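Following this line, the structures themselves.
Consider the two complexes below, in which subunit A is the common component and subunit B and subunit C are the respective partners.
Here is the complex of A and B:
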């Protein structure tokens, strides 16, 4: 054999030997690593699952993902020929020819638009931009934005006064209602509106405006779950009443019947105060709608959508047919629209005393008396509209990039309208579909989204019954931008989302078949890369700290107390909460364990957008950031604060409230600054 | 040239022979055939008593497509019954015995080859096998004791015969298991102790946890068969009374309020159902009371029957179609065999459903836990009517409510048992499976659970496992 040939053979041989040397020990290490991260021993060794699909920025992330439209809410022209669709992920208002089932225009609007309504003459559309804190007026003839009007924080639901002089804007994040004078095109009033409201409905006579909240009252664990509907007098533009809806929350939307005899609210009835030991018998979540009688006793009665072995999770929109005979409720967790016979509801209201109806809101079989039909939809049905002639129901199938079309004479689906989004289903998009779908829980009783609405948290504290019943109650944690913040859970026991949402998750929470490995890959990819914090426009709109926030930052960073004593390293805020995530990802006892807690140390939570995550601490006992120290700070166990004046504490909290997204890029900050200046 | 030609021809012949050889080796598919049990006519006095599947001479046959020809699949057994087809349509579970003196055991047959292997080796009769997801199966085994006669229990195990374990522990008699699409097991069950009760359809998770009512017939009507679930989310079964027999259905979503009569016949006219093509059903029925049971195809929409097969001298029962089936969900199990107890919570023993709103009856203040033959404990309930127990695992018990002076307010309810580490809860004592809980924290769970045990020597270790997600 010639030397040349020997050399030729040597090279591949060498590569092979090196390859084998790397492969076998490498594979062993990879197996150990994957076992550790997934808490199972049979997860496929697919490096791409974590090391590719968890990349959340840069060119690779762009290559992996696609720009979907994600329609959320809609409006329809008076002649029923044109749909105006809010494409939330594309920051667009899409104009759709409903007859030809074709998108005819894309109108750029503000960041993360939420709702759209039309003026009575059909000339203008009003679009709420939830992540830009404004409303845009769109001239539909020219398809251009003519005015941008600042609102409160997180504008969502919209309504026009009956004389078209005022535009009412629900501000979800600041929990109030903006009243805009449309002649002056400016906000003239801001009225308090419950907690995290979105839904809005004007009575047919225009006198009464309802706004429904999503978050319940902040109360100590064990006290009843109550959520508000706020009533406004439109002639005086004043709050006229606050109605407390018992045992309900996440009241996403509202509607009046055309006759004005009933107001309807979509809602969820959580079971967070009972130990979560089973799913059977509706033990975790019930879903339904509320009715506010407008005549007679003006009772507030709730009805379930659910059935004993089937649940209709995450009701979003509620809409009444033009003849007032039926209501439609879109359940985004199960891809269904429930058809409610309102005459049956009226009959039940007439024939049953309130006490019995209150009891029947626990009876999973009672829906048989008023549910006429369940209509299948595309992925994650959200906002709905009905054509003026009452023949068509349109539904925004958010995660299909489609508008579903339903014949209201037959309640059958017609061909949907394709909005033209990407045809490829990315791993993260599939994960989002799984996240919002209740198919991953026993009998579809709840989805991930149910307790994590807006991919955030629902403000409730649950008894997960981890160790015996009644122990270790747990405040739900936000899922926004949790990539790079492992470990997870208050006790930090889960090193990865795989472990969090894997086999144990199915045993104690979803109580049905565990997610398949590809589904778990997709879910983890979405959770870690697809959930962004909204910009903190409430406390830090310009990216520059106020004087109080600057003073607060000094306190946050301080090493010496008011008396000149050096603060031990463990007692400094910045030690455990360093930027950019404001967590050192290690464990600490901050003196907040209660008798019903097991002895654990807490995984230091990250603080980005902390202002949006009340209540605070592991069991949600602190209603405000302030209470963390004024009521539960103990003997400086949660940072040295007892030397501070009230003013200093206020400054510290002002600074904490200013913390925004760690991911908010400088360029985006510049855009925000420019928008605000304009 | 000639040589090349010859070589080519030889090669072609060889390839052809190889193909023929390989095709001869491949197994014949049984897809589309109907498997059924034929019970000899002389055993007909047992028909309808749930013992008909144990009659000697019973055999499983495969009905050939398009004809009345049947092939006996169980020639080597003195009795064989209850065929169940695997989710891939490739295998069949059945119960059978080879000698009169044997006990019935569970066997699995590869349908394409007829190769049979024994799975169980029970010292009592093991019958009614069904497939469960991921290589598991369930069956019924006799477990009668001196005290509780005629009772049996559901067991599960791996198809290789390992990990066989009892999953039900109540003094009841199970017959006819069905694996529901949601992953649970549905069974026709009647209580046998202290007195015999009416058969009901009960549902449980495959580990025996969360056993509860699924459906019961109205008074005067008796459930006569297990249920068959179709893709239309309906369940079909046979029920009857002293004068007539019916095929009826309920919806999966709302079983207690969706009863529909599909067809009616004379007493004992219908016996069993199996799923068939296009949401139709295989029905064992007889035309007149003096006839044998024959096989028909039932259209549940219009209630018509088309005769498919009859066997001279035999009753034809328990038919199943060989095809691939949708696998039910593989439910996770909370059972931890090394734990000695489970937890039981009741929100309010005085809440009896809507009647509680109408009647101001005397409030119970205690509960009595009744075992098979003795009182296990009397426990004070909390002011809100809640109680919280840590109960010895796998021990049957009933609960009755008492007044402060130990007067019985509500007599003992259904039999319960708690599996090791099971966590179970109910709203009230007689509220049924359709009432969801009130969203309030029961006072009882703010304290430690009351320990209930049968054997005073048994140490109930503290539940210290972490079941958080």
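Here is the complex of A and C:
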């Protein structure tokens, strides 16, 4: 054998040996790492699962993802020929020829638009921009924005007064209703409107306006859920009544029948006081609609959409046919529209006393008396409109960038309208579809979105009992921008979202088959890369801190108390909550463990957009940020605070309220570091 | 002879005319026609409400007319009089505390704001929402006064004054640490013409300019003496219990007399030199040109010149109105009269007055 040949054999041999030397221990190490991060032992060791699909910025993230439209709500012209579609992720109002089924115009609007309505003459559209805190008036002839009117925080649902003089805007984040005088094109009033409202409906005679809340009253754990519908007198533009809807929440939308005899609300009936492991025994979550009688006893009655062994989770929009005979409810968790026979509902209301109807709101078999049909839709059906002639129902299928078209004579699907979004289904987009779909839960009872509406949290406290019932009462945590904030859960037991949503998730929460690994890849990718914090326009609109917030920052950073004593390191806010995530990702006992909790230290939560996450503490006992320290900070275990005056506490809370997205915080840190260097 | 007669006749005529005119003036002072001679409103036809006819308790602290209904703060909750029926709301309905000591209604939203002995409550569309020193940025739970000023709600509490911006939901607190107060105890607050005035215990009147966000104080130049050494040199005492502003006039009540400020100078009023029922003033409310003064010895109404004071007889349900014009005083009897002489709250709308007393609520109708 020649030397040359020997050399040729040596090189690959050497590589092989080195490779084997690396492969076996490397694989062993990878196996251990993946087992730890996934809590399973049979993951196929695909590095891309975590190390590619969870990249949330830069060119790789751009390459992996695509710009979808994500239609949410719609309006339709009087002649039924034109649809106006809010494309939430594209910040656009799309003008669609409903006959040719073609997008004819893209009108840029504000950030994260939510709803659109048309003026009576059809000349203007009004668009609420939820992440810009304004409403835009769009001149439809020129397809241009003519006016931008500031509103409260997080504008969503819209309605016009019957004389077209006032525009009513529901402010979801600030929980109020903006009244805009359209002649002056300015906000003239802001009226309180429940908790996290979105839905709005004007009575046919124009005298009454309803606004439905999504979040429930904040009550101690153990008390039933109550959520408000607020009634406004439109002649005075004042709050006239508050209706408490028992054992319901997430009342996304409302509608009146054309005759005005009934007002309808989409709603969810949570059983958050029941241990979550009970999901397999049924009705952990129920989904339905409420009816507010406008005549007679004016009762508020709830009806289920669900049926035995099959749930119709996450009802979003509710609409009444032009003849008032049927209602349509889009259930984004199961990709269905339920057709409700309203004459059957009227008959039930007439023939059953309130007590019996209240009881029947728990009866899964009762829906057979009024559900006429379930119409399949595209991915995540949201807002709906009906053509003026009553022949077509259009539905925004949010997660496949289509508008579904349904023939209302046959209740059959016609060809949908393709809005022209990207044809590729990215991993994160698939994850979003999985996130909002209840298919992964026993009998479709709920999706991830149910407890995490807006990919955030629902404000409820759940009994996350393990094997010992009645333990570990848990406040739902937000999923906004949680990448880089591991570990997860209040006890920090999950090192990764992959682990959080894997086998353990199905064992405790969904009680059905675990997500497949490709599905887990997708779900984790969406959760970690696709959920952003809305800009903190409520408390920090300009990015500059107010005088009170600056004083609060000094308190947050302080090392010495009011008496000149050095505060132990553990007693300083900034020790456990350093920017940009305001978490040190470590564990601490802040003295709030209750007797029913397992003995744990708490994973330090991040504080970005903390103002939007009430209630607070692991079991939601603090209704406001103030209560963390006024009621539950007694022994200075959760920071040294007892030397502070009320004014100082207010300043500290003003600062905490100002905290926004970690991305912005990180930029500020860079600027700060650069300034220090210079 | 003729000229002497004429002179005598002329003198007689002159004296007669003078005499008639003089008699006329004298007559009108001694026997006033209440409908014509006095511009300060006089109320009669009193009707009283107590626990016996619908109030939840006899101790009433505050009253506010809100359109067709009357809101009454009592020691046992909020009592609402509508369609001649009383309805009571308590902590069971969502009130912060049953002792309701201050009430205001937002002109902008129609929301009712209630200052109680245990926090502030917003009553909107039948829903009660609580703000306390524990769950919000409010300074203290003892809320002596509440007023709505556009989108802002101001409170005077035992731990400082405070402002809630109902749009941003943020509180701002004003105490001796950031305002020229003697101590944080505040009793009253009012607003007008881009200014807010706070009655601060021991601190006189604190003026807050909303345009500049600056404070200034008005204190007693006599150094907190219980007598007003130099008249009209400033607010009559630093222990202020009430402020109210209307028609460009600020009225400041103290436990030692009343002050009126027109933006240029102060004028003091006391029970010994005016028609004021007592120097011990619990509350003042001004409407139009008139100040309504709730004292421990009756209710007084004034425009700064004339006075009408209502007092109940000690031993029966009857009483009187004492009408003071300069040096002259006349009285008019009523049966019944106001419910009690210890007055804590008052409100007027059109020709009707409602008076909250320590024993019942009184309703009177204007008779002049």
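The rule is short, and it goes like this: the second predicted complex is superposed on the first by the 642 of 678 C-alpha atoms of A that agree within 3 Å, B and C clash if a C-alpha of one lies under 4 Å from a C-alpha of the other, contacts with A are read in each partner's own complex, and residues count from 1 in each chain.
We take it that contacts are C-beta pairs under 8 Å (C-beta built on N, C-alpha and C of every residue); 3 or more make two chains touch, one makes a residue touch a chain.
Given the structure is predicted, the values throughout are model-derived calculations rather than measurements.
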**Item:** Contacts of A:152 with subunit B and subunit C, given as first, second, both or neither
**Value:** second
**Message:** As a test of reading the superposition: which chain, subunit B or subunit C, is in touch with more residues of subunit A?
**Reply:** B
**Partner chain(s) touched by A:309 [first = subunit B, second = subunit C, both, neither]** = first
**Prompt:** Who does A:569 touch here: subunit B (first), subunit C (second), both, or neither?
**Reply:** neither
**Message:** If we overlay the two complexes on their shared chain A, which of subunit B and subunit C does A:626 touch? Say first, second, both or neither.
**Reply:** second
**Prompt:** Touch check for A:557: first (subunit B), second (subunit C), both, or neither?
**Reply:** neither
**Message:** I'd like to know which partner A:269 touches here: subunit B for first, subunit C for second, both or neither.
**Reply:** first
**Asked** Touch check for A:364: first (subunit B), second (subunit C), both, or neither?
**Response** first
**Message:** Is A:163 touching anything from subunit B or subunit C once the two structures are fitted on A? First, second, both or neither.
**Reply:** neither
**Request:** Once the two structures are superposed, pull the subunit A residues common to the subunit B and subunit C interfaces.
**Result:** none
**Complex contact set, residues of subunit A against subunit C** = 152, 174, 176, 189-192, 228, 230-232, 236, 238-242, 538-539, 548, 623-624, 626-627, 630-631, 645-647, 649-650, 653-654, 657
**Fill in**
Per the touch rule above, subunit B residues touching subunit A in the complex are 133, 182-183, 210, 212, 252-258, 329-334, 343, 345, 347, 354, 357, 388, 423-427, 433-442, 444-449, 463-469
**Complete:** Listed in rising order, subunit C residues that touch subunit A in their complex are 108-111, 122, 124-127, 129, 133-137, 139-140, 151, 159-160, 166-173, 175, 177-178
**Asked** Which part of subunit A faces subunit B closely enough to touch in the complex?
**Response** 221-222, 224-225, 247, 269-275, 277-278, 280-283, 286, 306-310, 355-356, 359-360, 362-365, 368, 442-443, 463-470, 472, 474, 489, 491, 493, 500-501, 503-509, 511-514, 596
